[in-house]
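I am attaching a structure below and will ask some questions about it afterwards.
Chain lettering (A, B and C) follows the sequence in which the chains are written, and residue indices restart at 1 in each chain.
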Amino acid sequence: MPTSIIYLEGVTVSFDGFKALNNLNFIMYPGELRVVIGPNGAGKTTLLDVISGKVRPSEGRVIFGELTELSSLAEHEMAKLGIGRKFQTPSVFKHLSVYENLELACHQKSKGVFATLFSKRGERDKIFSVLEYIGLAEKAWHKAGALSHGEKQWLEIGMVVIQDPRLMLIDEPVAGMTGKETEKTGELLTSLAGKHSVLVIEHDMNFVRQIAQTITVLHEGTVLCEGALEKVQSDPRVVEIYLGREHKSHANH
Amino acid sequence: MSHRHDRPANPGRRDFFRKTVKLGAGAAAANFLPELGYNLMPRALGAEPVKVGILHSLSGTMAISETSLRDVELMAIEEINAKGGVLGRKVEAVVEDGASDWPTFAEKSRKLLQRDRVCSVFGCWTSASRKAVLPVFERLNGLLWYPVQYEGNECSHNVFYTGAAPNQQIGPAVTWLLKNRGKKFYLLGSDYVFPRTANLIIKAQLKAEGGQLVGEEYTPLGHMEYSTVVNKIRAARPDVVFSTINGDSNVAFYKQLRNAGITAHDMAVMAVSVAEDELRGIGGGVAEGHYAAWNYFETVNTPQNKLFVDKFKSRFGKNRVTDDPIEAAYFQVHLWAQAVQKAGATTVDAIRKGALGQEFQAPEGLVRIDPKNQHTWKTVRIGQIRSDGQFNVVYATDSPVRPQPWNTLLYPDRDCNWDLGGTVTRKKA
Amino acid sequence: MTPTTFLVGQLFNGLSVSSILLLMALGLAITFGLMGVINMAHGELMMLGSYTAYVLQNLFVRQFGEQNFGGYFLVALPMSFVVAGLMGLLLERALIRHLYGRPLETLLATWGVSLILQQAMRQVFGANNVDVRSPNWLTGRWQPSAGLEFPHLRLFIIVFTALAIAGMYALLFRTNIGLKIRAVTQNRDMSACLGVPTAKVDAYTFSLGSGLAGVAGCILSLMGSVGPTTGQNYIVDAFMVVVLGGVGKLAGAIAGSFGIGECNTLFESFSTATMGKVIVFTLVILFLQWKPSGLFPSKSRSLD
């Protein structure tokens, strides 16, 4: 068994008595592309919050890579460690240009002032290669606020990619995208797996079908079941929570 | 100098928090304790001490100026006690802090008169604070000794005015300028009551004595940008700028005037609000050659002044300077002591009677309380600013000038005369 | 003096007043404009710069004599930046960082700081104003034609302000730290998530704004008074410039100061100093009624 990239053991997060995560155990290996699904309130976003250090678990351990205990680190230190996150709502710096957004994300890898000064050239090349990758090279000098919804999502994925993180956390990448945009996003993410470990949260089952290798289903703060698409789809408990009770949810497949 | 730091009645947000503490070498504990209303003098055995009040702003914006007055008033009381006090009794000072706040002045004066039952109070600086305590002194029949020059137009039976009336500062300055520097006047002042009142007097005098007004301008209190004013002055080409600018603005005005290349040689500025204390912040070099009109300068050459300045510096520090209001605050305590001695009693009415016509050899020369209007006869001087921040006295009246609280040009039919019951209207001839 | 030379003189004065306003407001455009900190102690940070000039002047006079003290000013400029900047750093670390997003508490706390700084200066230098003299090389005048005299000091301030603005733009838009400052002031959470050390950037940014205030104070000590209450003379104008310009935009502060500076000088030419100020204030109020977010509206973190 190789070393896990992220390992959660008995993690509980409670907000005012409500347990968003309840004794959760979760493991992911390097290079894996994992999709986490689950009805609203299942604890998907809280899971990402715990991994990225935004929320501290009230119980349990979070181990990143080779036994790095995360619960004692500040948010920006986590980023330095190699965890990149894309939020659910597109969050880019609206008043900065597309290029500057990437530049900002890129800087976190270089350590000192001098390193930054001398690597300006290499940095520029790197930013443009990512711009090509996400298809925004033409719009490098546009203000990010002026991009379309889908483009903002890609920019944000680009901002995670350019940090070259070992673990990428991606929250609902295709929400609000057209079918074509969704497909392109899927290709983007699939191509990332292998080099990086990618953890995606998604509602859109078509999209899940397109990219998923392994799926984890969360329910009420714990893992309901885990495995390949077919296995998960045929699990009666999954059918139960999706079809039986959650008709209102837009993930009702 | 009621106007030197006169501020509108609401003096600004931070005044209540500001306790001025001067760090002169001589600043002894005595400098701090009185702020608590502390009784300084130990009771002389046997005889009951004579109680007087000292009421100045020891905190707030005015503390910069008024703390020095408290210092010299206490110094004068000490001198009197060293010579055995008055009527064989020690003099005891009750010090109160008016806190640069006019209602506080009124409240503290009521406290001094009713609770401490002081027979006289030395106090106030701004006209606003004097106006605030005046009704209290008149209702409770107290006596206020007021050491700062002011705009006149007042005549109270309960106040002795030991600073200059307008005719003892502004009037002679205008006359001197007309004779020595030229006829074209530009009037420049801060925008509040004193400069506007003073300029009314000056304009009347220019008309009467053949001067010419080429400009009149008021700048807000605390104004710091004088480029346009300087440009206007340059365009108007006056011989003289008569300045009633007050406070910090003076620094900006002199610096920017000098910066624009206008020196005292081209055009003289006559100030009635700039004394030695202010010059320390302006820099003598910048204002060199310009003038100020006062009754007293630190450089006045009298034996009394030499003693006074030496004593002041050894007590409060070599860096401290004396100036006109400080000197008046000092000599008024001695005038008071002579009045009590002459009256042989410490009731207000007896002291008032004893004070009328009282004379004293002050640092500025002989001063005399006018028996009719309770103002003070004083020598008028004009000083020219030196680069070291001191003045060369370029003009002085031969003898003390009689005070006139009502300007004779503006109010030809009015006079202050307590033989006739206070403010009187003369029959027109 | 002809009306034309008077007018040309006034145009120059307007430019000079504008650049002085801009210099006063530049630091505030960073701390209040970008960071959203209502810093009532801005004036006192300027005062620290003024006192730095005073102390260095005295040192130079003692060291090089009355004739050759003028070099002090070249040392005083960077030193005032350092002194006020360090004070700003201390202020941010000790106080302001606990109050982000709470404008009312910030206002009260920084007001308290302004009182403490004033009293501290009173304890050290006394309550009276102190005298800061122009170095000789700034006391001359340039006379392009008869009746027109442009003081070197005012020319110096105009050039210095222009350079300061250029420097600020370069820093904000051409450097890594500038990018981070812009990112953090736009969205703190996201910046943190990207690994920007937001707390450090906040501290540097506030320190930078404070340092600029110190430099402004250093230069203005040659124009006006230097005393414990000096800062109070400037703070209203500084806030007015930033608010009129539009919080959060450097260009706004530039436009705001030039609007106020030229208008004030123009109105003062034809009325009085008091009336000029009244008219300008009225116009600013009317303008803000019409456009509440100023000349260059922009969204900033605290005001979102």
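Here, a contact is a pair of C-beta atoms (placed from the backbone, for glycine too) under 8 Å apart; a residue touches a chain by one contact, two chains touch by 3 or more.
Values in this document were obtained by computation on a predicted structure and should not be read as measured data.
Relative to chain C, the chain whose mean Cα position lies farthest away is A. Innermost chain of the displayed assembly, by C-alpha centre distance to the whole-protein C-alpha centre, is C.
Averaging C-alpha coordinates per chain places the centre of chain A 77 Å away from that of chain B. One inter-chain figure worth recording: chain A and chain C are separated by 44 Å, centre to centre, where each centre is the mean of the chain's CA atoms.
The geometric centre of chain B is 36 Å away from that of chain C, both derived from CA atoms. Per the touch definition, chain C reaches chain A in the complex via residues 176, 179-180, 182-183, 186-187, 189-198, 298. On the chain B side of its complex with chain C, the touching residues are 12-14, 17-23, 61, 63-64, 67, 191, 217-220, 222-225, 227-229, 231-232, 234-235, 237, 248, 250-252, 255-256, 258-261, 277-278, 280-283, 285-286. Chain C contributes residues 1, 6, 9-10, 13, 16-17, 20, 111, 114-115, 118-119, 122-123, 126-134, 139, 141, 147, 149, 151, 153-154, 220, 222-227, 229-230, 232-234, 264-265, 268-269, 272-274, 276-277 to its touches with chain B in the complex.
Those residues of chain A that touch chain C in the complex are listed here as 52, 54, 75-76, 79-80, 85, 87, 91-96, 100, 103-105, 107-108, 113, 116, 159, 163.
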